[in-house]
Amino acid sequence: MNNEKIGILIVGLNGATANTTVAGCQLLVKKLAPDYGMITNRSPFRQAQGVEASAGSALEFTERPSRTAFTEHRLIPLDRLVFGGWDVNSQDAYQTAGRHQIIPLNLLQKIKKHLEGIRPMKGVTTSHDAGLFQSQKHLKQTNSLQKKLDLLVSDVINFKKRNDLQKIIIVFLGSSLKPVRPGRIHENIQNFKKAVRRNHPGITSGMLYALAALETNSPFIDFTANNTLEIKALADYARSKNIPLAGQDGKTGQTMIKTALAQLLKIKNFKLTGWYSTNLLGNMDGQILSLPEHGQEKLKDKSGVLAPILGYEDFDHRVDINYYTPRGDNKEAWDNIDFLGWLGQPMSLKINWLGRDSILAGPLVLDLIRLVEYAQRRGRGGLQTQLAFFFKNPLGSKPQGLFEEYRMLEQFLK
Amino acid sequence: MNNEKIGILIVGLNGATANTTVAGCQLLVKKLAPDYGMITNRSPFRQAQGVEASAGSALEFTERPSRTAFTEHRLIPLDRLVFGGWDVNSQDAYQTAGRHQIIPLNLLQKIKKHLEGIRPMKGVTTSHDAGLFQSQKHLKQTNSLQKKLDLLVSDVINFKKRNDLQKIIIVFLGSSLKPVRPGRIHENIQNFKKAVRRNHPGITSGMLYALAALETNSPFIDFTANNTLEIKALADYARSKNIPLAGQDGKTGQTMIKTALAQLLKIKNFKLTGWYSTNLLGNMDGQILSLPEHGQEKLKDKSGVLAPILGYEDFDHRVDINYYTPRGDNKEAWDNIDFLGWLGQPMSLKINWLGRDSILAGPLVLDLIRLVEYAQRRGRGGLQTQLAFFFKNPLGSKPQGLFEEYRMLEQFLK
Amino acid sequence: MNNEKIGILIVGLNGATANTTVAGCQLLVKKLAPDYGMITNRSPFRQAQGVEASAGSALEFTERPSRTAFTEHRLIPLDRLVFGGWDVNSQDAYQTAGRHQIIPLNLLQKIKKHLEGIRPMKGVTTSHDAGLFQSQKHLKQTNSLQKKLDLLVSDVINFKKRNDLQKIIIVFLGSSLKPVRPGRIHENIQNFKKAVRRNHPGITSGMLYALAALETNSPFIDFTANNTLEIKALADYARSKNIPLAGQDGKTGQTMIKTALAQLLKIKNFKLTGWYSTNLLGNMDGQILSLPEHGQEKLKDKSGVLAPILGYEDFDHRVDINYYTPRGDNKEAWDNIDFLGWLGQPMSLKINWLGRDSILAGPLVLDLIRLVEYAQRRGRGGLQTQLAFFFKNPLGSKPQGLFEEYRMLEQFLK
Amino acid sequence: MNNEKIGILIVGLNGATANTTVAGCQLLVKKLAPDYGMITNRSPFRQAQGVEASAGSALEFTERPSRTAFTEHRLIPLDRLVFGGWDVNSQDAYQTAGRHQIIPLNLLQKIKKHLEGIRPMKGVTTSHDAGLFQSQKHLKQTNSLQKKLDLLVSDVINFKKRNDLQKIIIVFLGSSLKPVRPGRIHENIQNFKKAVRRNHPGITSGMLYALAALETNSPFIDFTANNTLEIKALADYARSKNIPLAGQDGKTGQTMIKTALAQLLKIKNFKLTGWYSTNLLGNMDGQILSLPEHGQEKLKDKSGVLAPILGYEDFDHRVDINYYTPRGDNKEAWDNIDFLGWLGQPMSLKINWLGRDSILAGPLVLDLIRLVEYAQRRGRGGLQTQLAFFFKNPLGSKPQGLFEEYRMLEQFLK
């Protein structure tokens, strides 16, 4: 197993998060940047790689061997990942990184050749994609859903063969889709496949990518708020084939902090009375989420985390997302938290978060890939409930507080 | 054991925290206010009381029986606590509460009679107390340290006899003292007692109260930043007599949040580069802490929590405490946290905390009393390291992050 | 003129702002509370009252004579104002103040008798009022707009006669109405009156109150965001009768600060790129504004202030209003301001405003009453453009920056 | 006069502010960057340059003629300024800019040749300079104050001659000095010069530079908090020779905002009860100011602005400056403002300022140079009181609020 590589096919390869993930991974492999914000390189996850844990990771990026041996008990090294994917935009990864301006130019130049070699395959859309994407040119030229599916399946098979890969993992980093209300066609895989054949309007591009994954025995990770993996037909199909699924909606910034602070309120026995959260984003993600239909799943995920952690619901919880151009890919949040302390006296906590969207998401995507690959090797298919730590809406589980979720993850790796 | 009561003697009985603790405990006993912010009434600590856990505690204050039976496996009910103590101010607890204006007047009126019955004994000071306190009238009238100690010991014995109590716990909520550099006299109890007899200038009022506790076999809790329990002579003496000690410096607001967020940085593998914390307080505590000599132990405790949790020290950590009269007993903090994320990209988090000093501290004092009483019944003397959750500078242990410390506490009660 | 009194009839007399204005005025007359936040008691406006200016106003409330003489060159003393008005709620002003809990109870008790004597007349609504108000009982019992108007006119005449008043000023502090798109019926007073007679659906309750004012030669102040005074028929009619009108949308908190900071950006030549403003309100005003149709005029007023002050429009400006119950009448705002400095370098300023809605509005209402009364005595009818300082959307003028608007107001009084 | 140039000699030429001023001026002359944050290019100051005012300045940097004609009624064009100065560091301006990393590299490269031509002369220090500076090598090699003075005077004369300049203006941007308590030697110029000759310890390097300015008839601008121009001997000497002086302590960020908001409190008649200001700086300026002796003049200037504007002093005002390395040249401030509104109800405003030190200071330095040059041409010597807008501690005047100070400046140019 020692020299095997696996393929990572990303839906939305030229988006800010995907591109940062791809370039960042290469910077780590080449030891050109530190891996802060990524947890699978450190204790206790690091032991799973057969490497001694070290306290600080600041200097590690100059010290690690470039082609680590690994056995079945360890997480896969980053230098075994081969990236590709689909996008409606045809630029290569270097051009794309230059456009996003997230990673400093001096770093990008050092991996220019590598990035120029990564170029997306043509994507697919359906009527649930934002109009903006449906009108792009870098798309499979067919209106038949079945045809789109078949082309995606061929893409996976060809990518695997061409790169001599042991397996493929598909990661959905596409844009927010208009949500579909689950109906009969989503109840089982037979109905679902029939609906694809009949060009049914209840099929989204996300579902096509997920089905292409399952048909090729590839684990599927949904890092977005789309309800793709909530479709019973797909979840059941994966379980029956024992293919890992993980989702949904990566917990990167405001909600990550929120699930930590909610657990704080809980263990301190403070009574929450109100939590107001607002977000400023200036990137493409912000633009799409500002379209009411496309933002609603995200708002639902963001709003749903508090009650399960706290164990009660009698509080005001409001979440706003604003498209605000001066921020670019930087993400700002302001939270106001009101709670009661002893003898019912009110207090409050206000938080201003100045984060970076893709810089927060990138390492989580790599962590997820490694943990899902590990789960598959261990024979664990279906919804990966032990990965709740990473998601706003952890499928098959529910939010339990960031520290509790971290403890669950530790247990899994023991 | 079923009808026994225990005495709680508080040093600084008329201070804001002590007075709020005393009045608040009675409000809880009478079911007149909710117990938010207090953890020993809820799961998993509640089970230790033989009562079913309930998710929300909002309405509990109307439901609990007033004179709970308890056995040796349970935490002591609040209605078994009889409060008294020492202060340089002679007002009764009702007058004192009216002066502090922390608990609303309409609540205070309902327990007026009870509070009027609680009046402090005369206190003791030494040259390490702030000048302001040394000049008060409600003080033991002697310059002999030995005489002061003897009077404190008599106070404890008489209070216990007069109120027919099974035992006494002493809680230090006095003001910040000028710190003493430990020397030969502090090394063992023989030297220490000799120094008391010789009126040595290295003995503080805090040490006299602690010694009075040990001489009467009473557990001693130091909720302040004073280094009383860091004196080897006292810690060793307690261990040899198997008397519980707990301290030091109650973790109420900014530092409580800080130890939660530091653990967040740690599990997320973010690299801290700077943490700036400033505090605004307008109460007596703030006034004394603004005196440089009296503030330094507190600043040391506040500054010392990050490195043990994070495992590295290469960051800027600055903590300011400001006496600012518009705040009164309300406590405001502003924290600016700078850290590096993936690929070394900087991000930051800013926190504005609008808390209430005594409302935060009161329930912790009651929690500590119950947990120390329980430890003593279980035969656990010396430094109570399992109580790190409650302290900025947990003696015998070190800061490990709020959630980790909570987990330790859970283990202890299992 | 020396002993004359004037009547102030407030629409929405039992709302938080109106009630606070009425009670607060009496507290000032009785010298029971300070007049901070009110400008007409201090220099340069104070001179207009024939009283020496004094630097601090902190102690003034114990020093002023209770029945000041005034001549035609001076602003009217507060003890000459007699309050009444309309509301859909029938409580007296004391009950109402107890419900709102804005003014401390110990102050209210000192003016209890006075407040118990103030009770609203029955109000009127139309289909543009929030459903919540249309279903109240304390309403004129008729569906005829003309009948409603006639009853309001009678109310004014009777109030004036009954209280022996020299004149009446009507202040609109009613709730936010669904906006009406101006049409033919709003173009001139003939059409408008005909529409009233025909029960036309384009007539709002605000317009009826305004017309009742004009028919009784009473100045009309609109402190709300409703577009009542933007109706050409009404504005022209007032001008033709030389009756003062002032509006609209009192500039109390966030927008007041915004127009000050916008002027700062302007004189410092910083280039604004984005301004995000969010509001948390927990009172009735917040509840009504959270209804989309009822909030839109307010959002328009809040959004419209920047471009006229700055002289350009190429920036992102977003304003949110959230109904958030933990706040009650307290109003919180968070603003994030992004701008470019020298050489195009970005900087930002973030503001967290913790205000009190009615405490901010009350003194402005009294200032406006005095300045409008003064204008009328000086023969200045129609839109009072010199009062831009007080309004988000100053009718007949446009926002020019708070300090510039203050300078205009000073000029007017010279 | 049409082709004349003037020399600007800066003390501390390689500091962040001076270097940014020099490079930024060249970027403006070459129309490579916008002039936001600078006021003398816009109305009403622009008219003084014989150029039509324009609303937005965003695009101006591509449109202005490079070599503007100007007459005696106009402000001097930027392309007439020739920069030089002194520093204890010998790098050229290009190397220095690369080290400071304030102006983006791509902009610096376009003016590389120009910047490489600007290199400081050797500086002078005395025992009041921070030890760090006294030990540098790029210093005049003499211990005689008179010799240092003579060398500085020669530097001025030679620079003027060498560059064929019409006159010289000296700008002090050196570091914070230990303050000198004014004594007999500072009372008149005779005593002062005698003290220089006798190597008196009461003479600072700032005073030597100022005296060198006066001896060469050069206006002197002190942008720092040092009390150089408060020395009576120097101020009187300048007045007697009719040489303009301007100072002190440039009002760039937090204090600039503070003097605007204080004027807001004043015109709104809110009663200030407390203002807490803290600053985070990571540059050399922050490092020196963190030395207690070197920070005290700055703290005095920052603390002194409120009472003169408000007209009362009964409020808590605290100002902290913290050296905090994660910020670099970026400057962060947090202000908490407490005030009373109507009926004595408390409210507060909190401000988080994310500025850039040198980017804020640079344009003010250029504005001051132009306005001082203009004053000199108009025959106005001595302290330039009309420039209060620019200074925390405006010499010969006192803080009056930013908008009031702006109005004074407008009057001066009319």
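Note that the chains take the letters A, B, C and D in the order they are written out, and that residue 1 is the start of every chain.
Convention: contacts are C-beta pairs under 8 Å (C-beta built on N, C-alpha and C of every residue); 3 or more make two chains touch, one makes a residue touch a chain.
Given the structure is predicted, the values throughout are model-derived calculations rather than measurements.
*Asks:* Mind listing the chains that sit against chain B and also against chain D?
*Replies:* Looking at chain D and chain B together, no chain touches each of them.
*Asks:* How many angstrom lie between the CA centroids of chain A and chain C, rounded to a whole number?
*Replies:* Spacing between the chain centres: roughly 50 Å.
*Asks:* Calculate how many whole Å lie between the centre of chain A and the centre of chain B, each centre taken as the average of the chain's C-alpha atoms.
*Replies:* Spacing between the chain centres: roughly 44 Å.
*Asks:* Note the residues in chain C that touch 2 or more other chains, in rising order.
*Replies:* Correct list: 350, 352.
*Asks:* If each chain is a dot and touching chains are joined, what shape do you get: line, ring, star, complete or other?
*Replies:* Shape of the chain contacts: a ring, since each chain touches exactly two and the loop closes.
*Asks:* So which chains end up touching which?
*Replies:* A-B, A-C, B-D, C-D
*Asks:* So in the complex, which bits of chain C are touching chain D?
*Replies:* Interface residues on chain C, with respect to chain D: 20, 24, 27, 33-39, 41-42, 55-58, 103, 107, 256-257, 260-261, 263-264, 267-271, 311-312, 314, 339-345, 347-356, 359-360, 362-363, 402-403, 406.
*Asks:* Per the contact definition, I'd like the list of chain D residues that touch chain B in the complex.
*Replies:* Interface residues on chain D, with respect to chain B: 273-274, 276, 278, 280, 316, 318, 320, 322, 324-327, 332, 334, 336, 338, 346, 350, 352.
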